[in-house]
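A, B and C are the chain letters, set down in written order, and residue numbers restart from 1 in every chain.
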Amino acid sequence: MSRDGCCGQVYSCLFDYDTPRIALIKSRKIGLLNRFIQLGILAYVIGWVFIWEKGYQEFDTVVSSVTSKVKGVVVTNTTELGVKIWDVADYIIPAQEENAVFVMTNLILTQNQTQGHCPELPETSFCSKEQPCTPGYVGKQSNGVQTGKCVPYNSTVKTCEIFAWCPVENDTHVPDPAFLNGAENFTVLIKNNIWYPKFQVSKRNILSNISSSYLKTCQYDKVNHPFCPIFRLGNIVKEAGESFSDMAVQGGVMGIQINWNCDLDRKLTYCVPKYSFRRLDNREIDHNVSPGYNFRFAKYYKDSNGVESRTLMKVYGIRFDILVFGTAGKFDIIPTMINIGSGAALFGVATVLCDMIVFHFFKKRHYYREKKYKYVEDYDELVGSECGSNP
Amino acid sequence: MSRDGCCGQVYSCLFDYDTPRIALIKSRKIGLLNRFIQLGILAYVIGWVFIWEKGYQEFDTVVSSVTSKVKGVVVTNTTELGVKIWDVADYIIPAQEENAVFVMTNLILTQNQTQGHCPELPETSFCSKEQPCTPGYVGKQSNGVQTGKCVPYNSTVKTCEIFAWCPVENDTHVPDPAFLNGAENFTVLIKNNIWYPKFQVSKRNILSNISSSYLKTCQYDKVNHPFCPIFRLGNIVKEAGESFSDMAVQGGVMGIQINWNCDLDRKLTYCVPKYSFRRLDNREIDHNVSPGYNFRFAKYYKDSNGVESRTLMKVYGIRFDILVFGTAGKFDIIPTMINIGSGAALFGVATVLCDMIVFHFFKKRHYYREKKYKYVEDYDELVGSECGSNP
Amino acid sequence: MSRDGCCGQVYSCLFDYDTPRIALIKSRKIGLLNRFIQLGILAYVIGWVFIWEKGYQEFDTVVSSVTSKVKGVVVTNTTELGVKIWDVADYIIPAQEENAVFVMTNLILTQNQTQGHCPELPETSFCSKEQPCTPGYVGKQSNGVQTGKCVPYNSTVKTCEIFAWCPVENDTHVPDPAFLNGAENFTVLIKNNIWYPKFQVSKRNILSNISSSYLKTCQYDKVNHPFCPIFRLGNIVKEAGESFSDMAVQGGVMGIQINWNCDLDRKLTYCVPKYSFRRLDNREIDHNVSPGYNFRFAKYYKDSNGVESRTLMKVYGIRFDILVFGTAGKFDIIPTMINIGSGAALFGVATVLCDMIVFHFFKKRHYYREKKYKYVEDYDELVGSECGSNP
């Protein structure tokens, strides 16, 4: 054995080839079993990895830009305000947002507020001689700072006087049906441009077969107009399984989901948006604590004497969040190779499984085992163990 | 064979060692082929997995916070408005956004609107004795509710009277060149703080070698000032390959991309932002349906009698969306081990490939096959099959 | 060997079973070593892959919707403005945002601005007979367009006259302590609805055991009220390790992180939000260039003659970005199978490692090597190589 010399080792390293020795068992049962398991693995690799999970593709996530535009007017008629018209500039607050649009549906209006002294609302701060007010105190739900005086709120009730924007807003009664219930008929045009950076592919949701005239008249409909990017607000809410008039009272958050899953191995015209709608807030019907969505907002005015007044609006409404999802896949050699490789590696499992069956459950396992295994005694411990003789 | 006893099985399980038997073929051709394939696998593992894909690193995605501030004034001179100056508080709407900033570039102004009755625009609602107006009807593109009367819009045309904010906005002619075309010279300072949660690393785009005085005078330039966080709007649009004066007319959406890819195995000072710009809307030049970006916005006033009036603005402009991307990598033992492991497993493929070549294409394949394989007859079916004798 | 016939090949392909021949070495040392390495691999697979990384689960990332509502009033008393109260509609700008809320904490107010001519601030544009002003020039930091005149700014200094909103804002002195330092006591209610699309699971951060009355009085506290969704602004800043009164002066950006990591194999009630807070801007304390967060904002007024004036506000404040993170995992058969499979594949590594040890470091390596290897001479080149005889 002169092969341990240095030159020999390099020689052997370069020019020798190691290949496992194989016992080739001619047996229909085992052979078929083996092929059957391999077939299962092949089916998994092709069916699941390649066809279902598209293992031959590289993937990229969508980058998106959204703009939206609401259209519609509604007339209200109340004793307080008279006949009044509301258009886009009135009911969209703020005028533009990045991936959302807020539409006012209900309103508690407090006009002509000026800074001054007035009684607090009864709910939070009743007062009497026994229960006096604390100057400088600000309650958690309060609208101003207590002056310390106890003044009549109306003919029966006395409350603490506060320094605040007066008169104080009274939001105990939310208008029901909602003040701008007609918002149901408003439409929103959503313009969505997407981009798959890795593949340098970009598209917009106004597809190339949509003409200007179609865009002026169409309205989204799951069945008949699935690619019209103009949505009636009432339909959005209805498709999400909610009632618009209920939602309009307390407000809420709706999600407009745009799904751009694309197989870029096919023609780009097959890459189209899929719209779906869901309500994003208030999923627990039985636990309706702090429902809806509202915020406060003011318009400021100055009279000729420079005194500032404001109109405070507690605005209830529906915020439409536009959520753009999507993954695009395109054939790429690297994931293909990796998946073929790891698929091939799985074939080894077939042999392991067959071996387990053959050498444990077959009647003639000893016969096969003798062919597969070569028993090599321990060189050092040729003496038998206590367990028995293993010659 | 007393090894099937229970004690023997445990003994064998613990103290026996299974190793595949190897046929070591001394052949220059096969040996070199084998080493060559292994070299290819090694090159792939080291070159692709470790150097290119940085398989020895753990990765984290950036968390980012962006604030922005626009500077600049522009003077306009029109017959309607006279000489007027526009500064930040006038042309940024809304005053602050999270990852975006909107700059007004064009404007259709309708001053002194009050709620009342006036004729609708001719485009949508011509009327005559034969084609009367419907009281209460609201057209899709309409600005108000029809009263049912047919009134003269001008000396030649009659349109339906509507209850609306009057006079109605006439947006048929978009000013071209854009009203605030001078916005090209505005600058925007972008402050971007990033954070890699997994590595507890944070940085800002105002690098530590940027002084206050440099920040007052610098302007981003790909070549000379690549780290100055102050961008001239005109340059942003130009770098994206668009024309500012074109874009200013109808508005649009620009993306300011900040890329923070960092190799945290190197010094943190090498981790710097890379800016790039692209237009996010309107990628299909030949299909220019519903271009640009605009929204409506109103300023509300009250006269001394408490009558509300408003100035309606149809605002066209460019929204700059600031998109922050980034992945940081740092050496970690676990991905390193996993990649070394799966790289080692790939070496098995070399043997499979060599075997395929040796046992199918070599002239002397029978000689080698006999050495590698041991033919084991089926114990049960020692009788030959119909296909031929397999003794 | 009639097996090379076509029929024979198909027969052999179907009914032959290849299994590697194994040398079973009876040696306590090697056997134990092998089992020890296998035990390590098993421990890694079970401990790391299955228990730590939850390899038996499929994962999904959270989809979230956030609304917020701030409460609180503060009174200020300055010589310029007198006693003034600030409530939600005054200090939240804009009134609603998608995943953020901005609270004004400091303010530079410039009242009664009208468009006209006035001297520029001294800082940027001193002038004299030697250093004249340029008509039409707009400085980078300037508030208007120079008319070319040099006019007295005060009794000692002359500056260029500009056409601008006059008088020009003087923001050299930022109020310290902050004007609305009392914002520390404001509270913000955060309503967060999350959704795991893959598992069709949704939750909100107002947990089902939170009653309306608890929600009216509670305040978040890491220890005592970890699930109360109402946060005192001062506490948020304090928990992030910052000082509110410092931050209030120049403004800043705070992150409110909500972590929704959920193990959906357990009961859904264990899936609860975890709040944490960090400051998102200004991480480099030693390099405090361009600190804080501010923007300009105007309220517009019209007097009885139709002349527009405005109140310009340079608003400093804290923007609270609400960042919702989260991953949910649930048992799924596919990742389980994949991880078991690749775990099993790792067992092969044990044999490779043992072989390396046995055949390189064991004294009796030649004895074992002879049993494992079968030396096959090259059929073509039976003549010895130059390196020595290899019979």
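Here, a residue touches a chain if its C-beta (ideal position, glycine included) is under 8 Å from a C-beta of that chain, and two chains touch if they have at least 3 such contacts.
This is a predicted model, so every value here is computed, not measured.
Residue numbering shows that subunit B and subunit C use the same positions for less than half of their mutual interface. When subunit A is laid over subunit B using CA atoms, the rotation angle comes to 120 degrees (nearest 5).
Here the spacing of subunit B and subunit C, counted between their Cα centres, is 16 Å. Along subunit C, residues 15, 20-28, 94, 97-98, 301, 304, 345, 348, 371, 374, 390 each make contact with two or more other chains. Within the complex formed with subunit B, the subunit A residues making contact are 12, 14-29, 63, 65, 67, 69, 71-73, 75, 83-85, 87-90, 92, 94-98, 112, 185, 187, 189, 191, 193, 195, 202-204, 206, 208, 210-212, 215-217, 299, 301, 303-304, 309, 334, 341, 344-345, 364, 366-368, 371, 374, 385, 387-390. Within the complex formed with subunit B, the residues of subunit C that make contact are 1-3, 5, 7-8, 11, 15, 20-28, 30-35, 48, 93-94, 97-100, 102, 115, 138, 140-145, 163-165, 253, 255, 278, 280-284, 286-287, 289-290, 293-298, 300-302, 304, 306, 310, 312, 315, 319, 321, 323, 345-346, 348-349, 351-352, 354-355, 358, 371-381, 390.
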